[in-house]
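First the structure, in the form of structure tokens, and then the observations on it.
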Amino acid sequence: MVTFPGSLDDRDAARAVRAAGGEPVALWHADPSLHDVDAVILPGGFSYGDYLRAGAIARFAPVMESLVSAARDGLPVLGICNGFQVLCESHLLPGALVGNAGRKFVCRPQSLRVENVKTSWTSGYRAGQEIVVPIKNMDGMYVADDRTLDKLEADARIVARYRLGNPNGSYRDIAGITNKAGNVVGLMPHPEHAIDPLTGTGADGLGFFLSLTGVAA
Amino acid sequence: MARVTVDVVLKPEILDPQGQAIVGALGRLGITGVTDVRQGKHFELEVEDGVDDDTIAKLADTLLANPVIENFTISR
Amino acid sequence: MARVTVDVVLKPEILDPQGQAIVGALGRLGITGVTDVRQGKHFELEVEDGVDDDTIAKLADTLLANPVIENFTISR
Amino acid sequence: MSIDTVEQAEQTPDQSQPSKELGLADDEYRQIREILGRRPTSSELAIYSVMWSEHCSYKSSKVHLRQFGDKAPKTDALLVGMGENAGVVDAGDGWAVTFKIESHNHPSYVEPYQGAATGVGGIVRDILTMGARPVAVMDSLRFGRLDAPDTARVLPGVVAGIGGYGNCLGLPNIGGEVYFDESYLGNPLVNALCVGVMRTDGIKLAKADGPGNKVVLFGARTGGDGIGGASVLASATFDDAKPSKRPSVQVGDPFAEKVLIECCLEIFAADLVVGIQDLGAAGLSCATTELAAAGTGGMDVDLDVVPLRDPTLAPEEILMSESQERMMAVVTPERLDDFLNVCAKWDVTATVIGTVTDTGRLRMTWRGETIVDIPPRTAAHEGPVYRRPTERPFDQDAIQAHDGSSLPRPRGGDELRKTLLRLVASPNLADKSWVTDQYDRFVLGHTVLAQPEDAGMIRLDDSTPRGIALSVDGNGRYSKLDPYAGAQLALAEAYRNVAATGARPLAVTNCLNFGSPEDPAVMWQFAEAVRGLADGCRQLGTPVTGGNVSFYNQTGSSAILPTPVIGVLGVIDDVAKRIPQAFRSDGAAIYLLGDTRDEFAGSEWAYVVHGYLGGRPPAVDLAREQLLASVLIDAGRDGLLDSAHDVSEGGLAQALVEAALRGDSGARITLPEGLDPFVALFSESTARAVVSVSRPHEAAFAELCADRGLPAARIGTIDVLGPSLEIDGQFTVALRELRAAWKGTLPARFG
């Protein structure tokens, strides 16, 4: 679990990992060591205030250098919201995330369809499974050129799409994508806020974390 | 048709957190020699030929910039 | 010391809701003749004299702009 | 640049000084000269002018606010009472909770986004200063009419600012209010609340103790933000302000604040400070004088070392600057290195600017010269106190006499149905998710209830099921009709809202938004509201723990509706036992608790349908409120209730619509016998709630109400799959139609 200055959902993501039977380990942006963890989550938030562009400054943190090369070697990495933005800025994932089409911060329960269940983070879902998790972002519109988008679709690298309304104008309703190997996943919605009906929108999000601990176990 | 650009910058006395954050990141990038950064907005307008600078100024003053905290410049 | 400006604009194929919203508001303001608006970012850098355009270009390419979606221009 | 030193002040006693321009009355200026035995230096004048401003000194309100202490109910729930940055409440099991509400009205009119954003930033620092981790925010907002052009400028900016700052801090927004009334058009109200959690042994106080201890300024650099803001902004209407007195806008940096919060929490955890104070209005002037006054009594400060964003600032400006995201700590020399190391870890600029002394004097130097030498108490606590004249407004009797009882009322099912659809779509009753969807309510993972529930509720920590519930309420129209009752009605509603979630109300914070205290009619409203609140709190057993006064809320000579906004905090032992608002259990019985009378003065119906305000507001019955609360809390604890929703503005009809839409459940209602259907549906009688009870619990619930003597009328049943709300013998309206009317209003205006 990486904490950048301005990370916000790091405690939530750690709680979700714990709920899935994993052991969260805190990583610090200024410490290049990954401390031999089995997987890394880049949590949501506003790293460096989202100044300049969301994720643009976090990308240069010392921990990111190690993370980028470990990810290329297959380490499972999940970027949630701001983490997704960091992954795009670091070019671990194609495309970019820009200001919502509605030009407002959007926070609401969001229905998704999970499309690729072969990644490290989605193997616990059924293909086509419909789940509800919160969305909350300012810069959540996924954009890329048509070639990239076509390629993502052709390679089945779209992990999840919005259904029943696109909250932020993302091209082709994209809510999350993965890299070719399926170990790196970027997700705009927040599964860590859907692990307990008491405090979230339900428990539909736990599957992302269970997918991982299932694999690691 | 003409292209007009309007640049909007924070007044000098107003805090610019974004610019500060960028200056902070430069060190980590290994870039030296840049001592200050201020971030503003850049608009590119397509306007019909009859539209004069007064109209653009009105537009800038009401819509593009917030005159309480920002200044703007128009260039063609 | 010199002042260098870097303007960053979205590539034409990327949607610009902010610019669209401004076009939409023009009518209400009674301003006609502005047919399109695109919003970008404007940076004003204070740089020491030795800093050349290559360094600025590197800075713009890696930090100020995201080449996946944006283009930039440098002017002194 | 010439510096005005203490030495010079002694040598040039007759030099004229701009005391008036700084907002000081002649008497006040004379008083400063008396205290010092000479004329003040310009820096001293800067300090006194901001510290003695209405905003910082409470000079017009103090004599009234005393009642909150004098009439305070006996309670062991208070760990820290009024007078500190925020009160602290004992939440049980070693947990302490601190909360406070504060206004940022004028800045939000000038620059809505930044004004509202820095309002959130300021109150969050107040809570942090107590040693607590800020865990949630709320916002109480009032604007001009929804269709007024300027509302389209102010509201979206304010909402984006509150969201922009709070979201970036990672604080869930768990509730608030949005009201529209023409009186707020030129003077919107932006009141922000923050709540924080800590262990009881972690409470920090704002005092500079221990001679030789170091005074550290940390956080953002000091710039020219809002210079004169504290004084000028808060003590003159914009119409009076000369251009030169216009406040410059403060810009917030939520990222800097987020880092500052984490940095402070790490500092608290390692126990590295003796005392701590945030820098808010009046910046360094306030922090240094208050810290010194509350501690050993003296402090030496070197202003030259204050890190500046704008190097051209003069010492007077440094002292008055309201730059955001700054804190001041008192640290022992032994702990100083550790302290500075934590700051370095978080990239927070920290500078030792002074030392605690036992001289009883606050001394400041600049370029080697002494420019300030004052007894700090005289600036911080011993400012002027005014007993301003009060006078019942000449038209108050007339307003109360014209009670609107002759206003035409809807008759028959068809008219009632139309009235209902019109009311649910009216700006004050319509769905507010256009606003609240811009706020993160999930972050931190402890939010159990948030908008649109009756109160926000959060769990205190992962390690405990214990939680707190909070509600903020106010009703300017009721307060206009009767400010004494209006304050109590706001208190009663917040209290009821908290109880409706199953939490036990414990303590109160308040933000008193009024016009000019120099207007005797406004001062009367203020005095009445304070008296009403103090009496109400005593009766309910919920002490006032702190708050904020905002005067001069007016456009020209017309004041806003008198608007006391009251926040109530409650505690619940197990958040899993919370009572939600939604109808959700098929076949469950719906009960209306409490008595309904013909009360329409100040109601939404009178306002929306007739544009009318007159009469006496609904009767206050605090004993009944306590009874209702006790039934809700006990029934909730025993698991008897499926849902509860308080009845307030818009009456029973609005409560039923909200509960039905929230649960997407239909309901069949039979209005109580003997009540006129219009009165039953739309009266705003207090001390009422709508609850639903599933069959197996009905007998026990009915018995509980009977035992306690709480009227409970069984008025219908829930039909979860039913597509409509049916009022037997009157009308049926589809949920779809209700939802469209209720949800459409704000998006239609703001997009």
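A, B, C and D are the chain letters, set down in written order, and residue numbers restart from 1 in every chain.
Everything that follows uses one rule, which is that a residue touches a chain if its C-beta (ideal position, glycine included) is under 8 Å from a C-beta of that chain, and two chains touch if they have at least 3 such contacts.
The structure presented is a predicted model; accordingly, all values stated were derived computationally and were not measured.
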Between A-D and A-B, the pair joined by more C-beta contacts: A-D
Distance from the mean Cα position of chain D to that of chain C, given in whole angstrom: 40
Cα-centroid distance, chain A relative to chain B, in whole angstrom: 33
Gap in Å, rounded to a whole number, between the CA centres of chain D and chain A: 36
Where chain A and chain C are represented by their mean Cα positions, the distance between them in whole Å: 28
Residues of chain A engaged with two or more neighbouring chains: 48-49, 51-52, 57, 60
Junction residues of chain B, two or more chains touched: 17, 21-22, 24-25, 29, 39
Where chain D touches two or more other chains at once, by residue number: 253, 255-256, 347
Listing of all chain pairs that touch each other, if any do: A-B, A-C, A-D, B-C, B-D
List of chain B residues in touch with chain C within their complex: 1, 5, 7-9, 19, 22, 25-26, 29, 31, 33-48, 50-51, 55, 58-59, 62-64
Chain A partner contacts - residues on chain D that touch it in the complex: 160, 163-164, 167-170, 253-256, 258-259, 262, 346-347, 433, 436-448, 459, 462, 575-576
Chain A-facing residues of chain B, complex: 17-18, 21-22, 24-25, 28-29, 39
Residue numbers on chain D that touch chain B, as the complex places them: 110-111, 114, 220, 223-225, 248-251, 253, 255-256, 309-310, 323-324, 347
Residues of chain A touching chain D in the complex: 5-6, 8-9, 11-12, 15, 44-46, 48-51, 104-108, 134, 136, 138, 190, 192-193, 198-200
